Amino acid sequence: MPQQHKLEPVMTVEEVNALIAREFPQLNEMEEFYQAIEVFPGGCTVRLNATQRHLRPGGTVSGPALFTLADIGGYVCALSHGGPDALSVTTNLNINFVRKAEIGPIDGHCRILKLGKSLLVFDCDIVAGPDRQTVAHATGTFSIPPRK
Amino acid sequence: MPQQHKLEPVMTVEEVNALIAREFPQLNEMEEFYQAIEVFPGGCTVRLNATQRHLRPGGTVSGPALFTLADIGGYVCALSHGGPDALSVTTNLNINFVRKAEIGPIDGHCRILKLGKSLLVFDCDIVAGPDRQTVAHATGTFSIPPRK
Amino acid sequence: MPQQHKLEPVMTVEEVNALIAREFPQLNEMEEFYQAIEVFPGGCTVRLNATQRHLRPGGTVSGPALFTLADIGGYVCALSHGGPDALSVTTNLNINFVRKAEIGPIDGHCRILKLGKSLLVFDCDIVAGPDRQTVAHATGTFSIPPRK
Amino acid sequence: MPQQHKLEPVMTVEEVNALIAREFPQLNEMEEFYQAIEVFPGGCTVRLNATQRHLRPGGTVSGPALFTLADIGGYVCALSHGGPDALSVTTNLNINFVRKAEIGPIDGHCRILKLGKSLLVFDCDIVAGPDRQTVAHATGTFSIPPRK
């Protein structure tokens, strides 16, 4: 897969997690479940520590829990590469569910496909299980408001 | 918008809500938030009674909460028109967020675009607010396993 | 399906077709195949007069031909409601193919879900055949550059 | 990006190109434009040799031309890994356009995310230009009919 050029993070993973914890009080209860674990040039990795509460009948992690992971992945891409002022919002998210995911760490490997003045486009490969197979794949767009 | 032909519900909205309450013990706590409110030939309407807990910073209902509503809408389409044995699972969901949604009733008007032997395709117009403007729009596919 | 409020066309269908014929010399050969047939508040209808050249093996109209119809539908939405200066470009298009389409007139019923300062979001119900059933459904986003 | 396990091609790139040339007489005129250039375990690379006829106003390769490349990429994934009897059809395709593409070779790097009994899910990174930056990214699903 090609790397995008000239993309450099402007925040560390610790700064991103601290900002999310501060700005999203509703997420505080989710803090132990969803977190950024890596920020690198052109992308990031986010993790869902899936527990019983994320399951659907049949013992598989629910679609909304995986959607939330991909959405957070796009948000971390925007924050880490666009800066803490980037009050970006999701405008589109497309997700394919391809395998069952079980309890345990589920990682979203996110890649910035385009960081423009007003739009960020990213994709997210969500892997789980002992062999880290893809369980879902998402592509999304965030709208980035003009800087003040 | 065209109506699809020859689609008839095989379950009432009460039967659908009862089945969801029974099969999704995890959803029991959500029961008062998400519910089917109408089933009709070729589609259904589902509702999210959005409260404080569904908000993101800025006071807007979160993307995952609207995604969950669309996902439940597709599931209710599959159940109501395919029958209670239809253990369908989401394979794809694409959602566009177009306006902010505030606390209050948010309705997903769902329409079956195709009900085949193994796939259901639907769309869902999510409306909110005093003037019932579209706040999000989703399209999705459920895989319907073969009947026993 | 809900109507969006306060959307009014600023060009007629004749003006749109004339502009497309003038600005897209490459489309001139397609002119007889793709055309706008109606513009109304909040949307438009576009038509593909599908012939032998649009078929895939099996006698079904090809995916790319239906994609092109949806893409033109979004472009006509942008032109007719945003004005002739709107040099909009497609940023995202999601399409589901649900039935075979045969030779003959294929109509794309397009609806504007959001017309903002920089983005247009629309959906398009593509119908064909004697009973005008849905053969495909698309949702898309156009980026609208700032006016000069 | 993770590799999917246990995927092995059952056709070579030469066999795939020969089958497409034979089965798609309408594509014969496109043969010099669209072709498979590589088949490997878990994916393939397809190429569009974009010329004047693929351009839109402004000198950028058109959306439908890139859509067609992604669609052919999914088809080559299905053929090469599912076998020549796999008369698969596209059921969903989502594409993001992120940069302008100019005349010249445009490559679609395709990866199989899931090859099941009845569905194939893939993504396709479309790169172009001297620095092979991503110009578009697609994700799609093919329905694979049961073998005879």
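As written, the chain order gives the labels A, B, C and D, with residue 1 at the start of each chain.
In this text, a residue touches a chain if its C-beta (ideal position, glycine included) is under 8 Å from a C-beta of that chain, and two chains touch if they have at least 3 such contacts.
Please read all numbers here as calculations on a predicted model, not as lab measurements.
Participant: By that same contact rule, can you tell me which chains touch subunit B and subunit C alike?
Facilitator: Expected: A, D.
Participant: So which chain is farthest from subunit B, going by the mean of the CA atoms in each chain?
Facilitator: Relative to subunit B, the chain whose C-alpha centre sits farthest away is D.
Participant: Which whole number of Å gives the spacing of the CA centres of subunit A and subunit D?
Facilitator: Each chain's C-alpha centroid was found; their separation is 27 Å.
Participant: Report the inter-chain centroid distance for subunit B and subunit D in whole angstrom, where each centroid is the mean of the CA atoms.
Facilitator: Centre separation, subunit B to subunit D: 33 Å.
Participant: Can you work out the whole-Å distance between the CA centroids of subunit C and subunit D?
Facilitator: The computed centroid separation for subunit C versus subunit D comes out at 24 Å.
Participant: Give the residues of subunit A that touch two or more other chains, as numbers and ranges in rising order.
Facilitator: Residues 91-92, 94, 96, 98, 121, 141 of subunit A touch two or more partner chains.
Participant: Flag every residue of subunit C that touches subunit B in the complex, lowest number first.
Facilitator: Those residues of subunit C that touch subunit B are 1-2, 4-5, 94, 96, 98-99, 109, 111, 113-114, 121, 123, 125, 127, 131-134, 137, 139, 141.
Participant: What part of subunit C is in contact with subunit D in the complex they form?
Facilitator: Contact set of subunit C toward subunit D: 23-24, 26, 53, 55-57, 63-64, 67-68, 71, 89-98.
Participant: In their shared complex, at which residues does subunit B touch subunit D?
Facilitator: 91-92, 94, 118-119, 121, 141, 143
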